[in-house]
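Below, each structure is written out as structure tokens.
Next come two complexes built around subunit A: one with subunit B, the other with subunit C.
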Partner chain A sequence: MIPPFFFGSLACLCLAILSGRFPRLWLALVLSGAGCALISAAQVLGDAGNWAWEASFTLGCQTPQFLVDGISALFLVPVSVIGGLSAVYSREYWSDHHHPDSAPRGRSWSAALILGMILVLSLANGLHFLLAWEIFAISAYFLITLDNTAPETRKAGWLYLAASHAGTMILFAFFSAVAARTGSWALGPMRDQAALAPLFWLALCGFGVKAGLFPLHVWLPSAHANAPSHVSALMSAVAIKMGVYGIVRFSAWLPLPPGAGWVVLGLGAMSALLGIAFAMAQNDFKRLLAYCSVENIGIILTGLGLAILAMANGQAAWGRVALCGTLLHVWNHSLFKSLLFLGAGSVLHATGTRDMSRLGGLWRFLPWTASLFALGSAAVSGLPPLNGFVSEWMIYLGLIRAVAAKGPVSGAIVPSVIVLAAAGALALAAFAKAVAIIFLGAPRTRRTAPVQECGWGMRAPMLVLAGLMLWVGLFPAMALGPAAIAATAWNPGWSGNVDIPVFHLGSLHLLLACGLLAAAYVVLRKVSRNGLRDSLTWDCGYAAPTTHMQYTSGSFAGIVTRWFAWILRPARLVRKVRGQFPEKALYLERTPETVLEYCIHPLGRGVGLLAEGAKKMQHGRLHLYILYVFAGVVALGGMAFWGGM
Partner chain B sequence: MNEILNLLTGLAVGLNLLALGTSRLRLLIRAVAAQGVLLGLLPLLLEHGAMDWQLVFITIATVAGKGFIIPTLLHRAMRTANIARELEPFIGYISSLLLGAAATIAAVVIAQHLPLFPEHVGSLLVPGAIALILTGFILLIGRTKAISQVCGYLILENGIYLFGLLLIHATPMLVEFGILLDVTVGIFIIGIIVDRIQRAFDSLDTRKLTALHE
Partner chain C sequence: MEVLDILARLLVWLVLAPLLPGIINKVKAWVACRQGPPVLQLYFDLARLWSKGVVMSTMASPGFLIAPAVAWVAVVAAAMLMPLGRAGCIFSFDGDVLLLVYLLALARFSTAWGAMETGSAFEGMGAAREVSFAVLAEIGIITAILTLALESGSISLASMFTPPPGPGAALLAVGLFIILLAENCRVPFDDPNTHLELTMIHEVMVLDHSGPPFALILHGAAVKMMLFSALLVQAVLPLAHMPLGLSLAAMAGGIVLVVVAVGLVESLTARLAFRRVPLLLTIGFLFCLFPLLLTWMEGVL
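What follows is the complex of A and B.
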């Protein structure tokens, strides 16, 4: 029963691309397309098994082949869920009324983005995979630059496009090398061809750019921060998962070089720690969320690296646990990250700024947004009883069992446990900072316009996401099933029941949730009985405190940013308080995107200088042009002559 | 047979030096024309067997094209542009001559090191072809008037033609024909361009074309 739903979803999305000018029709088409994709994924994750289909025609001399197995289906679920919800959200957030020019364009491109991602997940032919990958990458570019009047957005778009194409170039090399060595563009399990093993590094680099792996993440913060929020949600929750999908997929199909597990584990741990360190230092709350995505990709890859290690050492016991945690974290991250980005969009919609040092005290004005954002923050920090805890706990369980197994790898895994734990603690700090600075305290600047809570069109998708998060958190056993099926698809050798005490975890979560609800009820009753009292906090005896004397995002994160100053390299502008009658003092701090500004930019400037130098050769003097030709001919002749001898 | 062949090739190479050493465009065009005629006669000598009518026809066409039609076109272009001398060359005449001599010596040296068929080893065909190509480049690089550059291009083409004679048994006559037609059309177009350059810049000095670069 899969083909009608799957092809129905493709058809609906194709029509949705064409119907960007008709919002209602578009929404209906996108929702039905996403729904059909979800149903076909659910069938594969249920009991239908893999679905493969081969066309009877050719496209570009290749026969289109579709393959939806456990891994594809697992990634199809967030694509369809988040795709549909962000479409609903965009109706109010990026409405025709406010953006008459770009709204229809945005609708068409977001349908193209979802279509591209579904194709990437389901195509099993290298050539068509690359085509779908380009559709997906290009439509993401047009979505990021939807508001193309802002120079910053255009810059972010270019950076994304450049990085994405660099990644795609590596993927072209990868797929053509695979095709050259296997003799066919068709993709499938290739474990038995040991000569393909080095190609895994190409796949890791190419897909790593899209996934936002640490040194390759340079495009991610600015693109996610400058895109409209429903696009950021889609990008951060789902689009970067396509990179993860590629790495998961080809680690399942390719023979793996020795050391692949260690490299993936190491890269993952580094991404997790440094991603969250950068997140901590941000002032812009959408950039903070973007860096947090780098951290979560790091967590996912740590789990995957562990699973690869387990497979290499034949340790099904902990490898499977880690892999299930990894795959479940893909779901969980897409749920809470899209909730956070949609919440951030609501704040941005209400206040018009992404700068946390201009916000504050918004809980009273935006109660829905604030509580949903806080719920998402708790989940992303890995607090029980929410979904983030479930998957991170499984990854930890895998790590700890690996250490406890006292195998040849256990000793080296200990540092990654520590790094992951540190990253978790920093994530809690970063999100405590985000919630506290944005929603608590008093407003830091005087607002010209009243702050308005978002309408139901934006609230409903966030509520659905929060509900799904709670569902995964409270009934983890139900979410583990699909992850286990995908894990079996990853390594068919691992089958049977997964040894995770997930039922106990669920019961504990239910108990904890009931306890928290009871505590909240008691506190609220006490508050309502005693009433609220306005008074100053302890103010060090200062007589006239102002709202500027609150913690800023920079001061909140000060200690952590100093620990990581070696990589964050914050630029400070300080004018100290001097003299008896001090003049105006100043303290400005900016955290650059270190990899971009200290590695990529100098490299780019070097290339620019070379190109500028080469331009001098183009002077318009015909004789010298002929001389160039002559020199070229002589050089060629010399090459042929000496080479031939 | 081979001696006559070598004699004609040697004469053609000698005409190079005349082309390099003169400042008068009329003489330059005549030298190129004479070279064309000499080289046009070569296929008749190379063909040891029967004289078929195709060969005769191609010889007549080459001689007519290189020796008469193209020089006539160039003379006309020179008259419309109203110039007679190359006044300020990039590379002076003496230096051009020395370079040309060096190029001829280099051609002989290179030809000795090339892996040739035994039947071509003794002949001047290969060194002559290389010398012509190098001389063509020297003229193209060293002269500033468009007409002298066209002549350089023609000498370059003569060199390629001479090289092509090595393959005369392998190349169909139709290809030779095509090449000849291409060159004639090319010269025709260059004649028109020369006229346009003259009108636009009031000069045939190709250095002024730098005004066109970005």
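What follows is the complex of A and C.
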């Protein structure tokens, strides 16, 4: 029963690309396309098993092959769910009324993005995979630059395009090397061909750029921050998961080089810690969310690295737990991160600024957004009884079981557990900061325009996401099933029941949720009975507190940014009050994009200088050109003469 | 039968916990040759607060009232996961110890939320410090858990404390004691006696709370104190190998001993200079790391 749904979904999305001018038709087509994709994924994750299909025609001298197995289906679920919800959200957020020029364009490209991602997940031919990858990468570029009047957005778009194509170039090398060594573009399990092992490093780099692994993440913060929020949600929740998909997929198919597990584990742990340290230092809330994606990709890869290690050592006991946690975290991250980005979009829509130091006290005007954003923040900090905790707990469980097993690897896993713990606590700090600075306290600047809560068109997708998060958090046993199927697809040797006490966790989560609700009810009732009086903030007796005395985003993060100053390299501009007629005091702090500004930019300038130097050879003097030709011929002749001997 | 067991434990935690701050205050008074408040003072305070009205900042949302309730439920839930010597736990599964750590994180998140509600500089400062220093405290706790997991080969609280404590236990005790002081906001990290001090962490976060929510905060803090003391005592004493009555008595004695030690530290040392707080927390982390290395080396050799 899969083919009609799957091809139906492709057809709907193709039509949706063409119907960007007709919003209702487009929405119906995207939703039915996403729904069909979801149904086919659900069938694979249910009991239908893998689905493979080969066309009878050729495209670019290759027959198109489709393969949807547990891994593809697991990634198809967030693509279709978040794709559909962000389409609903964009109706109000990026309406034709406010963006008459870019809204139709945006609709076409977002349908193309979803289509590209579905194709990436289901194609099993290297050449077609690359084509789909390009559709996906380029439509993301056009979506990021939807609002192409802002120079910052255009710059972010270029950076994304350059980084994405650097990654694609590596992938071209990877797929053609695989094709050259196996003699075919068709992809499938290649574990028995040991000569392919070194190619895993190419895949890790190429897909790592897209996933936003720490040193390769340079494009991610500015692209996610400057894109319209429904696009940021789609990009951060799903598009970077395509990079994760590539790494998961090819770690399952390729033979792995000996150190692969350690490298993935180490990169993941580094990405988790530094990603969240950078997030903590941001003042722009969308940038904070973007850096938090770097952290979560790090958590995902830590779990994957552990699974690779476990496979190499034949340790199903902890490898499978970690892998299930990893794959479940893919779902969970896409749920809470899209909720947070949609919430951020609602704040941006209402206030027009992304700078947290200008916000504050928004809960009064945006009660829905505030509570949903708070729920997302709690989930991303890994707090029980929400979904983030379930998957992080499973990854921890794998890690600590590996340590407790006292095997040859146990001692070396200890640092990654400690790093993950630090990253978890930092995530809590970063999101306590985000939610508190945006929504709590008093407004930090005087607003001229009234702030309005978003309408149901934007609220409903967020509510659906919150519901899904609660579902995974309170009934984790139901979400573990698909993850376990995908884990078996990753390593067919690991089958049968997974030893994770997820049922116990789920029942405790339910109890906890009931306890929380009951306690909140009792306290509110008791307080209203005892009497509630409003007054100024007491603050140990300050008579006239002003909003300028509040903690700001920078001061909240101060302690942590000082610990990480070695990599954050915050730049400060301070002007103190001094003299009899002092000028206005000033304190500005800015956190640069360290990797971009201290590594990539100097490198780019070096290339530019080399190119400038090469330009001198183009001077227009004919006799010197003849000299070049002569020298070239002599050199070729020499090579032929001595080389031929 | 199980329901009775759960209720009995809940009662033990809820009723006995407020004794501990009373004991600490008695110890401090004894060292200073004062009479001091009665040991049961906190019970009176709680009863008084529970029946009082609430003054709420005009800036605060209803979350200001709910946050203390969330924190209290999280701490009590964490306490219910803790085994009681030979009596073991009621619920136990692989990885419940991580749930305990993250329940404490939930309490921290909601306390910080409550603090930020008021828009006051003091409370913002407290919240920022609390969530930042918790990073160091949390890696200390995770390291201690790793040590116990490596010793016992298990990651459920029920069986984590069963192996007889090795030579590393003394180090672990010191490490856990330092973390206990930090997480429970005692001297030398924080001074529970003062409010208007710029070096405060926890007390300053709850400045604006009053009435029943404040009662929950005080009671939750007492439960948390008992929770950490119970963790420390079980990590160090071989309670699982004693008969039931003796193990419970030893546990109670151990907890009282820890609390007396907290009181003595509070009487005899000054609060640490604020910039040195991370240093002491790192020392606590290292004290938890060394036994881990010791246990690991034993396994290798």
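Everything below uses one rule, namely that the second predicted complex is superposed on the first by the 619 of 645 C-alpha atoms of A that agree within 3 Å, B and C clash if a C-alpha of one lies under 4 Å from a C-alpha of the other, contacts with A are read in each partner's own complex, and residues count from 1 in each chain.
Here is the rule we use: a residue touches a chain if its C-beta (ideal position, glycine included) is under 8 Å from a C-beta of that chain, and two chains touch if they have at least 3 such contacts.
As the structure is a computational prediction, the values presented were derived from the model and not from experiment.
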item: Subunit A as common anchor, with subunit B and subunit C clashing or fitting; value: fit
item: First, second, both or neither for A:406, with subunit B first and subunit C second; value: second
item: Touched partner set for A:623, first subunit B, second subunit C, both or neither; value: first
item: Partner chain in contact with A:313 - subunit B first, subunit C second, else both or neither; value: neither
item: Superposed model, subunit A: greater residue contact from subunit B or subunit C; value: C
item: Partner chain in contact with A:441 - subunit B first, subunit C second, else both or neither; value: second
item: First, second, both or neither for A:357, with subunit B first and subunit C second; value: neither
item: Contacts of A:428 with subunit B and subunit C, given as first, second, both or neither; value: second
item: Touching partner for A:393 - first (subunit B), second (subunit C), both, neither; value: second
item: CA minimum distance (subunit B, subunit C), superposed complexes, angstrom; value: 58
item: Doubly contacted residues of subunit A, that is, touched by subunit B and again by subunit C; value: none
item: Contact set on subunit A toward subunit C in their complex; value: 360-361, 363-364, 370, 374, 378, 381-384, 389, 393, 396-397, 400-401, 403-406, 410-411, 414, 417-418, 421-422, 424-426, 428-429, 431-433, 435-437, 440-442, 499-501, 504-505, 508, 511-512, 515-516, 519-520, 522-524, 526-527, 530-540, 542, 545, 547, 549-551, 555-560, 563
item: Contact footprint of subunit A on subunit B as seen in their complex; value: 90, 113-115, 137, 140-144, 149, 206-207, 209-214
item: In the complex, subunit A residues that touch subunit B; value: 618-624, 626-627, 630, 641, 644
item: Complex contact set, residues of subunit C against subunit A; value: 50-63, 65-66, 68-70, 72-74, 77, 91, 93-96, 98-99, 102-103, 105-106, 108-109, 112-113, 116-125, 127-129, 131-135, 138-139, 141-143, 145-146, 149-150, 152-155, 195-196, 207-208, 211-213, 216, 278, 292, 296, 299-300
